[in-house]
Structure formats: structure tokens, C-alpha cells
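Here subunit A shows up in two complexes: once beside subunit B, once beside subunit C.
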Partner chain A sequence: MTSYFVRRFLLIVPTFIGVTVLVFVLTRLVPGGPIERMLQEAAMAGGDFAEATSGYDGLGGSALSDDQIAELEAYYGFDKPVLVSYVEWLGKVLVLDLGTSTRYNDPVWDTIKERFPISIFYGVATLILTYGVCIPLGIVKAIRHKTAFDNVSSALVFFGYAIPNYVVGIGLLALFAAHLEWFPLGGFVSDDFYALSGFGKVVDVLWHATLPLLAYTAGSFAVMTMLMKNSLMDNLAAEYVRTAIAKGMNFRRAVFNHALRNSLIPIATSFGSNISLILTGSFLIEKIFNIDGFGLLGFESLVERDYPVVMGILVISALLFLIGNILSDICVALVDPRVRFGSGESAQ
Partner chain B sequence: MKADQPRDQTLGWLALNPLTVKKWQRFRSIKRGYYSAIILAVALVASLGAELLVNSRALIVYYEGTVAFPTYGDVIPGRAFGLDYDYETDYRELKRRFAEQDEGDWVLMPPVAYDALENDLRADAYPPYPPSWSSGHYLGTDSTGRDVLARLVYGFRIAFGFAFLLLACNYLLGIALGSAMGFWGGAFDLLFQRVIEVFNMVPLLYVIMIVASIVVPTFWTLVGIMVIFNWTQMTWYMRTSTYREKSREYVLAARALGASNSRMIATHILPNAISVIVTFIPFSIATGIALLTALDYLGFGLPPPTPSWGEMLAEGTSHLESPWIVASVVVGMVLVLLMVNYIGEAVREAFDPKKFTYYE
Partner chain C sequence: MAALLRVEELSVGFDTEDGFADVVDHVSFDLEAGETLGLVGESGCGKSVTALSIMGLLPKPAGRIHGGDILFKDESLPRIPPDRMRAIRGNRIAMIFQEPMTALNPVQRVGHQLAETFSLHEPGLSTETVTRRSLGLLEQVGIPAPEQRLLEYPHQLSGGMRQRVMIAMALASGPDILIADEPTTALDVTIQAQILELLRDLQRDTGMAIIFITHDLGVIAELCSRVVVMYAGRIAEQAPIGPLFTHPLHPYTRGLLASIPRLDDEPKTLLTTIPGSVPGIEELPSGCRFVNRCPFAVERCHGQAPVIDAPAPGRKVACHRWREVNAGDAEARST
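Up next is the complex of A and B:
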């Protein structure tokens, strides 16, 4: 088992290289790379982003001389073949040097690090909300299958499943922030945050966080609730629960002592993916609510073509995703003693 | 199956096997899925002829004894209808004019008399205009004076066209590659397993945005980019189900009878493996729409001024003081996605009715 996980951790390396090579090569090989874009944008200085993305019509009237372009290319490492500059880039990443942001002129790592607290706040809050709501709700729905409560909550769950969380977010923003003005239009805290008292600060953060958190939760809530419900119902229908009840155990104990423990296993399989959810959040929700987190940084650096930051974020999210997957496996192995990874598994 | 099994009337001509008939009947019995399917099908067919319903060109113009149908075909200059300009006729203006002249000429406009791309600018007001029955902007206009309803309808057509195309590409690639992986296994399977693993680890939306920020996508390149990062799921399902089917006895029997590899795959394994895939179709459509809309919302999707729901969402959120924009799009998307998911739920139920034992 240990050797299995060691192998899994070692497998991160080729997969990580695969992911980054893929994106690295894509950013280099397609016509109109970052430099051309930069020149084009410099040429139409003042033109807004919508115009800049709407069409690429050559470099007419470029503001830079050929020498300067060559210098720029050397600066970004575009003067070398793709694989050479990839290896150079990877070498820097290995010593934890993600390069320098072209927008802020700060080290990429510092820029990214600044955003972590906000993303972690939303990630952890979403996590607590999701599990705190989904597990009890799933249990109640399974026990009260086909009752009015089950049907009503199923409609809600179905809605959450069918509608992408960003549409929920936009709907909430339009209704509760813009129309009813119950909640702020966005941001993480108010402008006068530092003037507020300790309690006032907490209220302010929560007040800003309500709508984004609802939108975040709407996405994961449906899948998790149904997973919990279906897996508990599968277990309730299993022979061992019937045996327990036949032997005179009361229903409540049969559910909580026997069926529930087994039905938490599928929930554990997705637990690891939370690590990337916690840190990377969602571009869409952060953009909608203008939350200065990890996702919005990624979006902004893409809009500004700050490729060192773009690649830095990719590195971090890919790594988190890979580690999250392994964490899921570890969770499963922890909660389910029947699972023995590594012996004759078919690389599923 | 008995010969007197009640066959379904509407699909009788397809000579379906009894199992499929049973699935169809089960699908029909799930009312909300069935009605959603009918409504969406009607809406999709209607959207194919959206030019007849939502257009700035008239349906019929009756002028001095001749009848013209301007909807499809070349631009008809204003001079053709006795106006004093050579560019395209403004049919709404023409209608007003004919009504004033009262000489028996008339213009029949579509129910929504605005095009998705046309800016309706007025001298006395700035867009966005609120919904108004008299101006014909039933859902108002956006900030550049484009009719919201018109953009919604054309955006619907584009979103579904995109989703169906994406589905077709993903499924074709997935079925071909997946069944090859499952059938041959070995080094080929291992190689593509690793490739899929890499693609699955890519943060999908982010990477599509990175690529889209560089290539400036058109409709077709966007489909291409999405397929590059989206084919893995279907391939994986197909691989697993081919793998499973391959070890069944009927495949062994076919092999013993001397069937070639391609025959075994095409006539024996595929029909059985695909039945699982069918249940994913509605959900794939919903995912396709959601993905395209998200990209458009973020500004990395279809190039402007293509009518798209994502662009309208962005427009609506930046003009929250004009709530009709965001309300129209959100309500439209919620309705459509709910219906698509109702269909998906019903299809899944029809293919695999789940019966739970439960305690009263």
C-alpha cells in the first residue's frame, strides 16, 4: 500500500511535465504569440480590451524596432526553440522561481501568495457549508425517501445541478445586490473596513461573503447531496442492514451505526479534490463578485497577457489537482478497509 | 417478446427492437422529461428558421401589385420600394410609410422586427432602452441598442449548434479511440491512458482561456479548442464499456465463428457499448452550453458581435441598473438548462430504471 502511494507521488512528475509541456507548447506554437500581441496592443494604445481581442490584423505601424523586438523576445525566452525554453522554464520552476510578473514587475510567487488568504477563506467556508449541508440533507432524504420533504428538496437539488454556479451567482447578484440592495455588489470587504470595530469587521466580511458562498455551494451541493442519498439508500437496501433490523436492532441505530459508515465512502472519494477547490476557487464567481482571489488573478493576468503569472497559476493549480487526487485515494483507503491499492489494480 | 406486444405508433416505422420500444415508452411515461423534449425540439426547429420570426427584414412586402419576400436572399435596396436610397430597405420605416400613404401597399414584419446585430439608435434617448410594447423591443435592448430578445433567440441557436457540434466531435473521437483502446488493450491502451491522464489534469476552463487568448477564436476554432481538451471523458467511458463487453460470451462466440476484428467491434460490441453513452447526451449538451457561455462571459469565447448568452450575461452584469438584460438571459438559461436536464434525467431513467428498497 505504501509503495502504491509512493508510486503515485512519483507519477506526479511525468503527469505534471505532460500538463505543462502541453500548455507551454500551445502558447508558443499558435500564431500571434504574446510578443505580437503586446506590440499590437502597444500600437493601439488606449484601445480597450474588447477591441484588442476582436481581430488580429498584422503588425501595421508597430511602435518598436526590430532590435527592440529581438530584445523583448530574448527577455521572455522566445528567441530559443520551444523545448529549450521549456527546459529553462522548468529548471526555474524546480528551484521555486516562477519568474517575474510582466504587469507588476514583482516575483510571480509573491503576487500569487497575496491572494491566498481570500481564496482559502472562501474555499474553507464553502467546504464547511457543503459538507455541513449535504451530509445531513442526504441522510434525511434517504430515510424519508418519497416524502414531501424529499420531493421538495429534490427539486432544489435538481435546480442546483442543472444550473451552472456562475448563472446562480449572476442571478443572486442581480436580484439581491442590485435590485433589492440587501447585499453589496461585490468585493471582499467594504472600503471603510479598517475603520470598523472587531465585530463590525466580521459582520462586514460575512455580509460580503453571503452571495458568493451561496453561489459556490450551489454548484457542489447538488452532486454531494445526491451522492450521499443514493449511497445511503444502496446501503439501506443491503442485506446486512436487513439482517440487523431482523435481529431486532432499531432503525435509527441500524442507520447510524451500520449503513451510514459505509455510505460515507463515496463521499470520501471526492474529498481530495477540495484542496484545489479551496485554493483555486472559480474564475467565474470571483469575477462576478469581484473578489480579489486566485481565480480573478488568473483571469486578469490572462487579459493583461501576463504569461509568467498565467503559467505560475497553472503550475500551482495542476500540482494541487494532482495532489488532491492522491489525497482522495488516501481518504478512501483510510475509510474503507476493503480497499487495497497496488495489488493487481488495472490503473483505473 | 410476444408478437402482439403493443408497438409504439410514432416510432413503428423504424422497426425498433422491443427493448428500445420499452425504453421509449418508459421515457414517454416520465412526463416532465417528455414534455421538455417536445418543447425543446419545437424551439430548436423554430430557431432554425429564426430569420422568419426575429428579423429586421420583412416577411412579405406588397408594393404596387408585386409581392417580395426579403427574408432570405440578397439585399433589396430602398429604391425598389420607391424610397430614395440604395442601401438596404428599412422595413420598419417602410411599413410606417405605407400605412401613412394608404395606397393599398403593405408590409408584414416578423413577430420581433429587430435583428440580433442591428443597433437601434434614437435621437432622443440613449440605450439600453427598457422593454416596451410600442417600440417592439419586448425584452428591451442592451447598451448599444441591440434587441435583447433577438440576441437571446440567435444566441440560443448558436449555443445549441455549438453544443451539438462539440458533442458530435467528442463522441466520434471518443467512440473511435475508446473502443480501440478497450478492444486492443496493451501498449496502445497504456499510452492513451497516460495521455488521457495528462488531459484530465489540465484545469479545463483556464487552459481553454489561455489558448483562446492567443488564437482569437472563431466559431470553428473554438469547437476545435474545446474538443482538444474535452474528448477524454467519452473516450474513457467507451474504453471501459468496450473492455467490459469484449469479455462477454457473445463476443467470444463471434470470434469463434471467425468474425474479423472490425466486424466484432462494429456489429457486436459497439451497439451494446453505445447504449450507455446515449444517456450522457443531454448532459453533454448542457455542459457544452454552460462551457461556451462561461467562456463568452469571460470574454474568451466567440468574437463580438456574435449574439451569445455569455456576452449578454457580461453585458447584463455591467449594466445592473438595466435589470431586463440580466433577467432575460438568466431566466432564459435557467429554463433551457432545466429542460435539457429534465430530458437527461428521463433518458437515464428510461435506460436504467433504478428501484430502491426502502423502509416506510
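Up next is the complex of A and C:
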């Protein structure tokens, strides 16, 4: 069992190297790579081009100084052979030196790091909400298949699924924040957050988080709920459940003692991709609710052609994705002994 | 003496997309304590449905007993409340299934699944007692290194071992009846023989009655004292094992027997088979259901379902022409 996890963790290394190669190649080969783009922007600073690209919120298009260009060139090692510069760049990435943001002039890692608490908060909250709702809901729907409850809840989750989450966000904002004024218009915390008591802080965060979380999760219930429902129904029809009932077990206990754990296997498999997707957020929702998370940072950096930040986010999300996958492998191995022990190695 | 289990005129049907389909029709047989009764018939003739009806395990809500009765020690199983049925199921009447590969929960240890049976019917046993009795059961069903097996997961066991575990679970509370629904069909021949021998030994040692379901008369011959032959949801013939093999009365039984390959057959001769195939539920003939495949069929067989005759004690046959069929036989023997 331990050897399975060790093997799984060792696999991170080659995968991560693969990802970094891809990111690195992007910085080099994509037409209009960072240096070229920077030079262009610098040359056109104040001109039409800068005007056009800086329409976003007036921050972009700032001319790059020769120092900045030299710094970028040095960071990506444009003056050295590809292999050498890749290895050097990788070395920097490994110590979290991701270069300097051309927009903020801060180290990229610091810029990213600042957003972590917010993104992690929303990511984890969304995850808990999604699983907390979908698993029980899927179970009840499977047991009450084709009843009124099942049909109505299906209609609801698919309704949420059909509406894009930013539309849900705008709708909620318009109704509950602008019109009814039950919730704040945006932001992560109130301006007087630091003056609040401990409990007041919690309430404040939740008060700000309610609408965005609803917008985040409204669309994500459908897939997970139906996955849970179908998976449980498959297992309820499985022969080992019939065996359990033939032993004299009641249906309820057979569901919870036997079918449930088996039906969680596909849910555990999808856990990894969910965790990384959710951590990287959605820039539209972040934009609507004015939340300074990963999604917004990535979007603004793209618009501003703040390449070091874009690349940094790419590397970090790739790493998150890898970690997410490993987490889901661990989850699957925890619920499914066939993975842990391997189907072949039957003990003699 | 009253029989341990009486199946009386049992009729079972399923709700399907094209309406209600009768799959078991007026089936009656008795099971005495300690005997082994074989239930044979081609695939789809209703053997499993009969067994599941006894266990109260018909798929709900599609499957339904709509006629007849099943009496276990004078209790009507289809009519008792669910919690009473749960106390009988797995305790007094146990069942093992055809597919040992999927009949065990893949994510629970063998020991856990075995212990569960104890906890269901004898709650409050200490862990040590449960472990000791589990080990005893595994030994009884011939599983080597039982301590280790208790800690393993089903995928770590072979098919034969899994079926032994299933048998051990069924034996846990010393049932009066074991229903074995084609327990060896999915196993290879040598393992099959071992499992049959195990069942025979267990029956001798425990005195439980066994209903052994199979489509293989050869297997029946090795194990059973009495046989019920089913065809398309009805009973064709019922007889003690010896007379059934020496003097089959129903043309279907004769066909089944003729299709068993024998050692004294000329090598490389074609196997005899019964021509035609079992009619589907929608196309059941109105008279005798075997009529389209029967070499002895006459007008009457088409129009009218045969009544059940009892030509000798313990023998029953549902055929209009069993006398003529067997008279021909006697003639053939005497010439």
C-alpha cells in the first residue's frame, strides 16, 4: 500500500518536468513571445496600439524600460542555448523565483501568493458545498428513483447547470445586493474587517461569500449529483448487494454498508480535477463580485500581457493539477482495495 | 410428516414494457428436511425466479408472486411481514449464486463480510467468538490458511475460493435449507467437482436440505435424491433420481437425458440435441408448452395444457401422452 503511494508521488517529478518544458517552449516559440511583445509595446507606448490594448482599465501598455527588458531577457535566458536556459529557468522556478511582474514590478510569486488565501477559501468552500450537497442528494435520488422528489431535484440541478455561472452571479448581485441590499455588492471582506471581533470576522467573510459561492456552485451540482446517483444505482443492482440482502440484511443497511462505498469510487476519481479547477477560480465571477483571486489575476495579466505572471500562474496551476490528481488517486486507493493491492498480486 | 418447504401452485410474473409476463406458472414441489432436490431445465425456464421467490428476493417492483403459496414450516413466506422474512432469510434459508466473482463486495475484507452474517442473526456475539466461528466455517468449506483469508479482499481469491466463501457465509447460521443457484456454472470443471463434493459432504454433516439448481442433469445425478424438471415456467416432470434416469416419463426429460454425452457412445458421433428452442414468453403455445419441439405431439397437445398425473408415489408428469410414449419404450426394450 505504501509502495503504491511512493510510486505515485515519484511520478510527480517527470510529469512536472513535462509541464515545465511545455510552458518554457511557450515562452520561446509562440509568435509574439514575451520579449518581442514587450519590445513592441515599449516601442508603441503612447501610440494607438497601447491605447487599444490598455483599454482594459488604464493600467496596461506602460512602457518597458531597457532595464525591464534586460531583466526579462536575463530571466528567460534568451542569450543562452535553449537547454541551458531551460535548466536555469527550471532552477529558478523550483525556488519560486518566477520573475518580476511587468505590471506591478513585484516578484511574480509575491503577486500570486497574495491571492492564495482568497482563492483557497473559495476553492475549498465550493468543494465542500458541492460534495456536501451532491453526495447526499445523489444518494436520496438513487433510493427514491423516479419519485416526485427525484424529478423535481433533477429539474432544479439541471436548471442551475443550464445557466452560465456569471449570469447566475449577475442575477444574484442585482437582486440580493443591489435591489434588496441583503448582501454586499462585492469584495472579500468589509473595509472595517480588522476592527471586527473574531466571530464578527467569520460572519463578515461568510456574508461576502454567500452570493459568489452560490454563483460558483449553482452549475456544479448537476454533474456530481447525477454521477453519484447513477453510480449508486448501478451498485444497488450489483450482485453483492443481493448477497447482503440474501444474508438477511435490510435494504437501508445494504445501501450504506455495501453499495455506498463502491459508488464513491467514481466520485473519488473526479476529486482531483475538481480541486485544481476550483482553486484556479473563474475570472468572470471574480470580476462580477470584485474578488481578488487567481482567476481575475490570470485574466488581467493576459489582457495586460504581463507574461511573467501568466507563465507563473500556468506553472502553479499545472502543479495544483498534479497534486489534485495525486489526491484523487489517494482517495480512490483508500476506498478501493483493488487499487491498493493490485489485482494481480493475490496473496498465496 | 409435513414437508419442510412446500411450494404450492406458485405463479410469478414480471411487469415488462409489453405488459405482464408470466414466467413461473403453477409450480408445485415439496422439500423434505435433509434431502437434496434438483431443479433442472434450460436457460430461462424460471429456475432462478422460483428460487428468488422462495427467498423473497424478486426484483421489486417488477417481479410479483400472483398466485399460489410458499410454506416454510407452515409459515407462508409471501405473506409474512418483512422483518420476519429477514429473520428467516440468510438464517433458516440461505442462498448462493451463480457468479462468485461478483457476489462478494469488492471493497470489504472476507472476514468482515463473514462476520456480518453473524451480527445479523446473532447480535451480541463477542469479536473472538465471531472470529473463531468464521475460521471454523472457512475450514469447514475447505479453505486453506483461513486466518490469512479473513484479512483478504475478494479480488485476492480465485473463483472457486470465492464460491467457498459464499458457501461459508450461507452456512454461518446453520440454515435448514440452502438454495444453490447454479453454483458451479461459472467455475472450471475440476473446481466444479470439488464444490459439488463439498456440498455433498456439508449436507451429510449438517443435515440441511439443499435445492440445487442447474441445467446439467449430469450434475444432478451426482448430488440429488429427487429432481424437478422445469420447462418454460412449468413443471414437466418430478421424480426420484433413479427412476428419472432409468424411466423418464416426459418427452422433454427423455430429450435432456439423450443429450448427455456418454462414455459408451461411439466416439465422434454427433451429440443428440432437442430440436428447436424454448419459446419466448410472448409466443408461448396455448396447450403444452413443449409442443413445438415434441416428437410425440398430437392435436390434443396443441389445444389443451396437460394435467399433472401421478403415475407412481413421488412421481409426477405433465404430459398427455406419457403412457403411449413409455409403452413405445417398453416395446422397444422387449424386442
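Definition applied: the second predicted complex is superposed on the first by the 235 of 348 C-alpha atoms of A that agree within 3 Å, B and C clash if a C-alpha of one lies under 4 Å from a C-alpha of the other, contacts with A are read in each partner's own complex, and residues count from 1 in each chain.
One rule holds for everything that comes next: contacts are C-beta pairs under 8 Å (C-beta built on N, C-alpha and C of every residue); 3 or more make two chains touch, one makes a residue touch a chain.
Keep in mind that this is a model prediction, so the values were computed, not measured.
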Practice task
Could you look at A:262 and tell me whether it touches subunit B, subunit C, both or neither (first, second, both, neither)?
Solution key: second
Practice task
Of the two partners subunit B and subunit C, indicate the one touching more residues belonging to subunit A.
Solution key: B
Practice task
Once the structures are superposed on A, label A:10 by its partner contacts, choosing first (subunit B), second (subunit C), both or neither.
Solution key: neither
Handout entry: Contacts of A:195 with subunit B and subunit C, given as first, second, both or neither
Key = neither
Exercise for the section: With the two complexes superposed on chain A, say which partner A:166 touches: subunit B (first), subunit C (second), both, or neither. Expected result: first
Practice task
Based on the superposed arrangement, let me know which partner A:337 touches: subunit B (first), subunit C (second), both, or neither?
Solution key: second
Handout entry: Partner chain(s) touched by A:250 [first = subunit B, second = subunit C, both, neither]
Key = second
Exercise for the section: Could you say whether A:240 touches subunit B, subunit C, both of them, or neither, answering first, second, both or neither? Expected result: second
Practice task
Could you list which residues of subunit A make contact with subunit B in one structure and with subunit C in the other?
Solution key: 245, 347
Practice task
Provide the residue numbers of subunit C that touch subunit A in the complex, in ascending order.
Solution key: 55, 57, 82-83, 86-91, 94-95, 97, 99, 102-108, 116-117, 120-121, 148, 152-153, 155-158, 166, 169
Handout entry: subunit A - residues contacting subunit B, complex
Key = 14-16, 18-19, 22-23, 26-27, 30-34, 37, 49-50, 53-56, 142-143, 145-146, 158-159, 161-164, 166-167, 170-171, 173-174, 177-179, 185, 233-234, 236-237, 245, 251, 280, 283-284, 287-288, 298-299, 302-303, 305, 310, 313-314, 317-318, 321-322, 347
Handout entry: List of subunit A residues in touch with subunit C within their complex
Key = 238-240, 242-250, 257-258, 261-262, 335-338, 341, 343, 346-347
Handout entry: Residues of subunit B defined as touching subunit A within the complex
Key = 190, 193-195, 197-199, 201-203, 205-207, 209-211, 213-216, 286, 290, 293-294, 297-300, 303-304, 313, 316-317, 320-321, 323, 326-327, 330, 333-334, 337-338, 340-341, 345, 356-359
